[in-house]
Structures are given as structure tokens and as C-alpha cells.
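First the structure, which I've put down as C-alpha cells, then a few questions once you've had a look.
Going by the order they are written in, the chains are A, B, C and D; count residues from 1 in each one.
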Amino acid sequence: MSNLAFVKADSLVKEFSIKPEGISFMRAASVQAVSGVSFEINRGETFALVGESGCGKSTIGRLSIGLLKPTSGSVYIDGIELGSLSGSDMKRMRSKMQIIFQDPYSSLNPRMRALEIVAEPLLAHKVYSSRAQAMQESMHLLEMCGISSSLASRYAHQFSGGQRQRIGIARALALRPQYIVCDEPVSALDVSIQSQIINLLVELQEMLQLSYMFISHDLSVVRYISDRVCVMFLGKVCEIGNTNEIFGSPRHPYTKLLLEAVPKADPTQRKDKDVLLGDMPSPINPPSGCRFHTRCPYKKGICSELEPALEIKGDRSVACHFPFS
Amino acid sequence: MQNQEEALHADTALLRIAAMLRTDKKAAFGAVVIAIFILVALLANAVSPYDPYKIDLANRLGPMSAKHLAGTDSFGRDVLSRIFYGARISLVIGLLPSIIAILIGTALGLVSGYYGGFIDFIIMRLADIVLAFPSLLLALVIMYSLGVSLLNLFIALAVINWGVTARTVRAQTLSLREKEFVEAARACGVSDLAIMFRHILPNCIPTLLVILTLDIPEAILSEATLSFLGVGAEPPTASWGLMVSENKQFLFSQPWVAIAPGIAVLLLVISFNFLGDGLRDALDPFMSE
Amino acid sequence: MQSVLEIKGLTTHIKTKAGTIVPVNGVSLSVLKGEIVGIVGESGCGKSMMAMSVLQLLPAAGKIVDGQALFEGADLLGMNKRQMRSIRGDKISMVFQEPMSSLNPTMKVGKQVSESLILHTKASRAEAKERTVQIFQEVGIPDAQRRYNSYPHQLSGGLRQRVMIGLALALKPALMIADEPTTALDVTIEAQILKLMKGMQAASNTSIILITHNLGIIAELCSYVYVMYAGQIMEQAPVFELFAEPKHPYTQGLLKSLPMLGEHREKLHAIPGSVPNLASLPPGCSFCPRCDIATSACYTLKPGLEKISEARKARCLLYSKGVAL
Amino acid sequence: MLKYIVSRILVMVPILLGIVLAIFFLLNVLPGDPVSLMMKDKIKPDVIDNLRERMRLNDPWYVRFAVYVANALKGDLGYSYRYHREVKDLIMGAFPNTVKLAFAALAISWGIGIPTGIIAAVRKGKLSDSVLMTFSLAGVSMPIFWIGLLMQYIFAYKLGALPTSGFSTLKHLILPAFVLGWSSSGGIARMVRANMLEVMKHDYIRTARSKGLGETRVVFGHALRNSMLPVVTMMASQVSWLLSGAVVTESIFAIPGLGRISVDAITNRDMPLLQGTVIFTTVLIMLSNLIADIAYGFLDPRIRYQ
């Protein structure tokens, strides 16, 4: 299993200091956005990271491609630890891993044309000897992602949200990466456009043998696109496993309630559902024991005292003292 | 929301400015007056009826007349010609030190915002220091220390005015640095320098333009004031501030001679202010970014 | 049953740099007493502008050019400012998408609610405060007495939206318009807010217009649905009928393009093209450039909203009598 | 909140030191030797040597700097060559006059600027917006010395209503305060207007309207406080602007204040006096900066309850 893994994360921890601006001598408080997360992503697989805001999923995505440095723990891409690489080796490594962003507006430089945006990574890595070749390749990539070449010299703002997302995907593909982090790639899109982009991502994966980390809060999309899924709560893993199994029979109470909370587009399935009470606890001051216990309807005494370990059973792991079976 | 995003764009910026000039009468007035002053300054020797330095003691403090449209000063020099020549000093002092200050401020602001940390701390404290001085007093001290001359005035104004630009560019850099297109460039292995020049700087340009149109009138006023106080241009230079100062003792007998150069200052400065306000309105989404 | 609000032929224009656009184009709808009516549509379809028109809260560039909005027998659109103000907040209230930006950051949240009570009921400060604390308790704000004195930034997103709902329901209005009330919230918080809205609605018999892009929310809450596209109502139907058998090709496409939680389909259906730009709509049916079954007639003829059954209408030439397709 | 105030004060210290250093450097290190500059060649060499010794000019500049700062902390700012008096006493004599002028000008500036900004914003694009903003902008666009002269000509000479110079009665204060106040009202009006327009676009204004509040309540109850917050921080830079303007105003109207002293010090090349005045003025500005920051903290609950 692990020799197949293309991406391997080992006990990742990431702390951010929250410092009042300009006051350098005051002691900075810190927030642990990611607290000891490990996972593996196999070649050609879609691994989904789900959870609500503040659960650390975007941070993990950035850690996994070296855009952020972990406070502790390590990331291996194709067996090589990112933290050990020198600047120039890291630059070479970057061509293996890329990222697609959520916001199709802020992810493209408003002062560049679509063609230049996609060509930029090619030029930065001097993939081609001439600029003209890079532009030609950029044109090809845009077409592959459904942007016709007649539009390639337009500026980003002249495209619709869906088209912009396609340009972002073309840019991510430019260096022929094997691993792509998709950070909420369809959350900002209209319903009718979402499925276009999802289909494109799936097609590209089949064509180019890509591994995806698919970060999303939309469980329906995750269910559709992913092979395996990791549910997170406040910087910790709740459970990891095969998507169909987790969605079919969640073992962690959070997963179960999260699934129930999603409004179903079918009025015949209306029911008075259990609503998860309370708010997301503060990451600055996380609850003792199991981080979910303040909101968990099934909690018992031990939950507030002892943090449950991630129990691994086959390819399914769960971190709960009293998991559903 | 989409409209605002669209506004955040380069080639629409020019269109927006053009549209602004068409609809904003005050800004259009400003642009026209500035253009006239620039023409007068360039062609001063052609449009001036007299040599601005020619002393004619027989015609001292002459009234407004067909021969001397704005009268003559205490040395009998033609006031209108001196005002025309004075436009040169005001425009050069208004434009060049401001541009230099903006270049300095932009460079420091970019580095400060992009790299952060210690270098940011140092640059920002320097900016705090420059900004905490009352600008006129700082200029006085610099002129005292370097000696009175137009060149030194030039240096003083450039040194004083970079603070605001540095702070603004830093703030913009900080917010742009977090934008996903900058992250994407980093993920692609684009170098820091290329990110600063290709991704950050171009998105700051509209803001810089607005700062420039607000700095220029300040600089013009500073030159006039310092020259008035005797620590700017030196006699017999035709500088508007100096002209008021030279003739202020005749204010009650021959008011026009002291007042006319001030009208020129007012016209030029208010024109820049009108244009600057128009630009700010037109480019507003950039500013609030 | 008696209708609370009856909108007839509402048309609103907005002046933009690109010319005048028509975000609301001849919209008619009615809301019955105690009913939750859903308006669903994608970005730029005019659903928010329609709500703003009803309360005359349009931005300065907007103008209502035609139509009526009969509320308790009186036409809202013909009212002067003073009459309109006595309706707003008291008889008709609103809940907006962003609870953070919708609350004044420098005013205590309690005061923001009691302000409205004082204005409309002439209550004294002390009475208004007492009533506000009571309302906070009703909308499930824990520690309501203390929260009265909180500022918006001290509350979580969910609590802020509870404050907004408390504000909207403070005076037991006949109608509440909720514009994307849960879009900015996490799934579990969304479920809480939806449950709260449903509960409050049942208790006070307030009618609700629920504006959303999320078909799931429509399916869970509404009894009757209007589907908007490019400023027009494309289809209207009771919720069960709409989801069971959508009549308009746009509605059909939308429903098919949703990845469903319960199943794993091979390929998602996608509506091609982009969400329409209101500044450049096609001459015929506004949906025809993206429609699978459009014929040449669709490009020239503007379809009317045709009655299909007692409770249903659809704007498609399929249902227009006397048009050969 | 206390943490906020303390941090603000601590941030001030290095800036203040930097400013004193910068002034000291400009006045003591750059132009060579103030004594020979001052004395030209009128005095015997041994007198000069004596003076140099007394002023510690033979010490390296950083020693002189340290001595200067140490003395300044004790309240000793040196001795004026020109007036043969303690710099401290001269400053203390001039300070109240400048304070009077500055406060009167501030009152006029806010009195014109804030209402102008509010009305212009509420009536954006209307005639009143245009007229009011042009009036305010004209104030910033005229050189203070010129408008001062113009006012003297009109009110003192032509109408004979007000005195041209001196600072003995309240009447003397009217013209200079108006000149200085008008000239800084433009910045305030611009800022209030811009903030007001910005704030009026916010969602909570729409919420306030959706409650049924009248437009006056919306503007004064919800928009004003939020749009005045940045204006408070501007107060500090306004004090800086007023003190700069006071230099010119005091010269024109012959008011014995700090600005007048500094111009005198320059014309007489009285370095210790110039240095003392500039440093004192800068400290004043830093203090008003601090007050503005603290006021901002109190007014904005997002900082107060951090």
C-alpha cells in the first residue's frame, strides 16, 4: 500500500502565530491549524478532504505541495521529503505538484492575458527554448481545458467564472504535474457550471493519470468525485477511508451528523433531522480530550478527558472512543 | 461583486479615466488647466510679452494696463511674464520630486510588504519617522542644513514625501501577496522578483497614480511657501512664492502685484486636486482593494 | 387561502456602464399566508433585485419601471417613503446573506434589535431591551442577557445570523424575505439556522420568501417554488411536483447536474455555456443558447409563461399552444 | 485595551529617538561646524575655541548626541545664541500662542470640514456637493501666506474690521485662525465624504433601512460613527499640518509662536533654538498621534474588546 503512495504526509503539525500588526516585541499567540495529521494518496487516486471552515483542510493542501512549511512532521512526494530539498531542487519538484484554487476571480492576475497566465510556469521553468513554443503549448493547454484559442488573448476579467476556472486548471497542468491539490475548485461556481468543471477534472485525471487531493465542504461533490475521503474537525482527522464505505456507514459521530446536515434536493426525503448543536470551538483554545466532545450528542465522561487515537482497521481509520460499527 | 472584480483591471482603467473626464466637469476643468500651464511653461519664452528679468526702474509698480496686463513689480519687471516663467519652476518642482519620492516609496513598500520581518520593521519605522515630522519644518531643517537653493529644495521634497507611498504600497502588497494568483505563481516556482514586478507592481499602479496627483499639489504649495519664507528659490528667479514675498510690502498700495502670482498657484493646485479627486473616484475599487 | 403578497409584472431596470439591464423582467408571484415560497436561480438571475424592489431598497442606479406589489391590499410600489418605512421591519422584514457585514460593527447587537422595536412600537428603552433579550432566547442565543451587549465581531457566524433572524422576526411581520440566509455558513450551522427558521415560521405563521441558489434548501423548506433565469420566471410549481417532474429544460438540467449524495453516477450532466450576461441577452428565449432541445424557433420567439396545470407554469415554447417546433 | 495603549506608547519611543537623531544629524553633523557658521570670521580664534569647547564640538557626534538627549530629558534644550536665553524658556513663552492658534484653527477646520463632508456625501452629485467641496478644496489649494495676505488686504485694510498683526486680543485670533482652519478643512471634508460614501455602501446600511429607519437616522445613527473612525486617526496628521501651517501664519500675522521662532532661528542661523523648536513640535505631534490612536481604540469596539 505505502509503496504505491505518491503523496505521504506524516504527523503534520502547522501553527500560525497571530500577532497584532507592527508590535514585534509582544508575545505572539499561536493557533494550531493542523494537529498531527497523517495520510497517503495513491497514484491516480482522488483523495478528498472534507470538513467545515477552520478544520485545517486548506492548510493541509498547501503543506502537501510545499507552499507552506510544516511546524513539524513531513511530506513525501514520490518518496522524496519536501523539507530536505534545496531551493533549486524544490523548484524542480514544483513541476510535479500543482494547485487549483477556489476563487476564480482572485486566482488569475487581472493584468495578464489567458495565454500569458498559462505560459508563465513554462517560462519560469524554461521548459521550452523559445517563447513562441511556450505560447503554443499554452494555447494547446487552454484548448484541452475547453477555452477556444480565439479567446486566448483576452484578459481574465473578460471570462466568466467557469471559464476562469478552466484557465486556472490549464495553468496547473502546464508543467505536467502528477499531483494536483484542488482547493474547493467548484464552491464559488454556479450550480450549472459546477458539473462542467467536475467533468473536466475527471476527464483530465483519466487522460493524464493524475492524483488529486480534493478539498471541499460540499459532501455531494466529494461523494461523486473521490475514491477515499478524510473527514476533519478542528485540525484533527475524524476518520479516513473508502468514500462509499464512509458515506454508506459513517463510524464517527461528526461524519454522521455532517452527512445528515446536508440539505437533500429531494422533498420526499424531508424529515425532522437531528441538528448538530453549538458552534465550532475556538482553535486558539481547543477543547480538552476529543475536540468534538463539546458538540457531540453521544459524548460520555471519557471524551472530555482523553483524546481518542486514530484507530486503524484495514484501510479505514477512525478517531473516536465510541465509534458506530 | 462581479462588476467590482471587473473594475480591478488594467485596460479598463484607462477607459474609466476617459469616461471620468467626460462626466466629471471639475476633473476635466483640472486637466485642461494643467495642460494650459504645461504649454505655457514649455513655451514661456514665446508667450511672454517681456523678458521676466529685465529691470525697468522707471516703470516700478505699474498698474494693470494694455502694455503690462498684470502690471509691473517693484523692479519694473513685467508680472505676467514672470508668472509664465514661474510655471516652469512650479511644474518641475511639483512633478519631479514627487515622482522620485513615489519611486523610492514604491520600492521600499514592495520590499517591506513582500518580505516582511525585520526589513519590513526597519522600513516602516523609517516611514513613521518621516511621517511624524511636520513636513514644512522638516523641509526648513533640510534647507537650513544643505543651504538654500532650488536643487536642495528638490532633494528635501523628494526625501520628505516617500512615506505615504511606502505605507500604501506595503499595504497593497500585503493584500496582493495573499491573493491566489500570487500563490499560484509561487506554486509554479516563479521567482520573487518576477512575482513582485509581474504580479504585484502592475496591480498597484492605479493607486500610485492617485497618490501622484495628490502629491503634486502638495509639492507645488511647499515650493511656493518655502520660497515665500526665503528658503526656496532665490531672487531674481521667477518663482510664484518668491514673487508674492518680494511684493508683499506693497500689498496695500499695489495689491495686484502680490496677489496675481497667488492666483496662478491657486489655479494650478486646485486643478491638480480636481483631477486627483476625479481619478480617485474613477479608480476607487483599486483603492479599496 | 389568502395571499400576503401578490407581485404582478414587476420590472426593474438598472443603469450600468454597459447600458441599462433588466434584472427583473415582468415577474409575478404570490405568497400565501404562512407559506414558505422558494425562489431559486443562479448568480445574476435577478432574484435579489426582485426582493430589493419589493421593499424599495434598490441601489441608486436601480429603478422600478412597471408592476405592482400588493401587500395586504395596498401597492408597495406606489407608496411614498414614509409609508414604506412603516412597512419595512414591521410588516415585512429581511435577512441577508452575510451576517457579519449586515450588522453594524460599532453598535451592540442588542441595540440593533431594540432600535427597531422602539421605532415601530414606541416602546421605552427598558421595554425594548427586555423584549430583545426575550427574542434572543427565542432564536436560541445562549446567555441572551449578556449577548445583548456584544458587538458583532464577538459572535460566531451562526450567532450573528440568529441575531439577524431575531431582528427580522422581532415584530412578528406578516412576511420575511430571506436572501441566501445560509450561504455564508457551514453545513452544520446552516442546518441549525434552517431548523430555526422553520420553527419560527410555524410558531408565528409568518410567510417567508426564501431566495437561494441551493436546490437542497428549497426541497427541504419550501412549499412552492419559482425558478428564475435572466430576470424572468422560467418555471413555477409546488415543490413536490417540481422535483418529481421538472417541466422546463433549464430546471431539468439543473436537477440532473447535481451530484446526489446517495448515488454515484458515471458522468454528471452539465448545462453547457455560461450563466447569461444580462447586458447581452439573446433575442428569443434567454435560455436557448444553453438548451439541449432548442429549435430555430427558440432563437426568435420569446416564450410566454404558459399554464401547464392548475398550479404549474413554465416559460418554454414546448408548452406554447400554436407554436410548431 | 491597556495592552493596546502600552504597545502604542512603546512603539513611539524608537520613532521619537529616530526623529531626534535625524534632526540632530541634519543640524549638527551635516553642515560642518555651527560655531564657525554662526560667527563667520568676526571673532578671535581663542573665543571660538572656547565656545567650541563649551558646546563640546570637539567630541565625536554620537557623544554630543548622547549628551543632548540626556540634557533634553532633564528639560535642558540648550542656549539660544540670538536671544541669549534658554531655548526652553523661549519655547515655553511661544507655546501657548501656538496652542491658541492651533485649537482655534482646529475648531474652524472641523466646523467647516465635517459638515461639508457629510452634506457632500449625502447629496453626492448634487449642486450642494459640488459647491461645498469646491469651497473646501479651494482652502487646501491656496498657499497659506497668500490667503493670509488677501485676508489682511480685505478685512484689515479695506474694511478696517480686524487687526493685521499682533496677538493681544481675541480679535487678533480671528483672521489667522480662519486662514489656517480653512486651509486644513479640505482634507477633513474630503476624508469624511469619502468614508461616508464608502460606509453608505455597506450591507448594514441596507439592514438599517430594511428596519424602516428614516434616512436621517440611517446617516446619523449608523453611518456617521463608522465613517468618523478614520477621521480620528487623521487628527494626528492634521495637527502636524496645522503646526506646519502655523509657521507661515505666524510669520504673516506676526504672532510670537513656535513657528515664528523657528523661522527666526533659521534667518539668524540659531541652531540650538531651531533644533529645540523642531524637536518640541515633533513631540507634540507624536503625542497627538498617541491620543488619536487611543481615541480610536475607545471608539472602535473591534479594538476595545480585542
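The working rule: a residue touches a chain if its C-beta (ideal position, glycine included) is under 8 Å from a C-beta of that chain, and two chains touch if they have at least 3 such contacts.
Predicted, not measured: the structure shown is a model, and the values here were computed from it.
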| remark: Take chain C away without moving anything else and the assembly reads one piece
| Would you say A-B or B-D is joined by more C-beta pairs in contact? | B-D
| query | Rounded to the nearest whole Å, what is the centre-to-centre distance of chain B and chain D, using the mean of the C-alpha atoms as each centre? | reply | 21
| query | How many angstrom lie between the CA centroids of chain C and chain D, rounded to a whole number? | reply | 53
| field | Centroid distance [mean C-alpha coordinates] between chain B and chain A, Å | value | 49
| message | Going by the contact rule already set, what residues in chain A reach two or more other chains? | response | 22
| request: Provide the list of chain B residues touching at least two other chains, using ranges where the numbers run on. | output: 2
| field | Footprint of chain C on chain A - complex, ascending | value | 52-53, 160-163, 190-196, 198-199, 202, 217, 219-221, 223-225, 244, 247, 257-270, 273, 275-277, 279-280, 295
| request: Show which residues of chain D lie in contact with chain B when the two form their complex. | output: 14-15, 18-19, 22-23, 26-27, 30-31, 130, 133-134, 137-138, 140-147, 149-150, 152-153, 157, 186, 190, 194, 198, 237, 240-241, 243-245, 247-248, 251, 262-263, 266-267, 269, 274, 278, 281-282, 285-286, 289
| Any idea which chain C residues touch chain A in the complex? | 42-43, 156, 158-159, 186-192, 194-195, 213-220, 239-240, 243-244, 253-255, 257-261, 264-265, 267-272, 274-275, 290
| message | Which stretch or stretches of chain A touch chain B in the complex? | response | 22, 24, 62, 65, 67, 90-91, 94-95, 97-99, 101-103, 105-112, 117, 120-121, 124-125, 155-157, 168, 171-172, 174-175
| field | Residue ranges of chain C touching chain D (in the complex, touch as defined) | value | 55, 57, 81, 85-90, 93-94, 96, 98, 101-107, 112, 115-116, 119-120, 151, 153-154, 164, 167
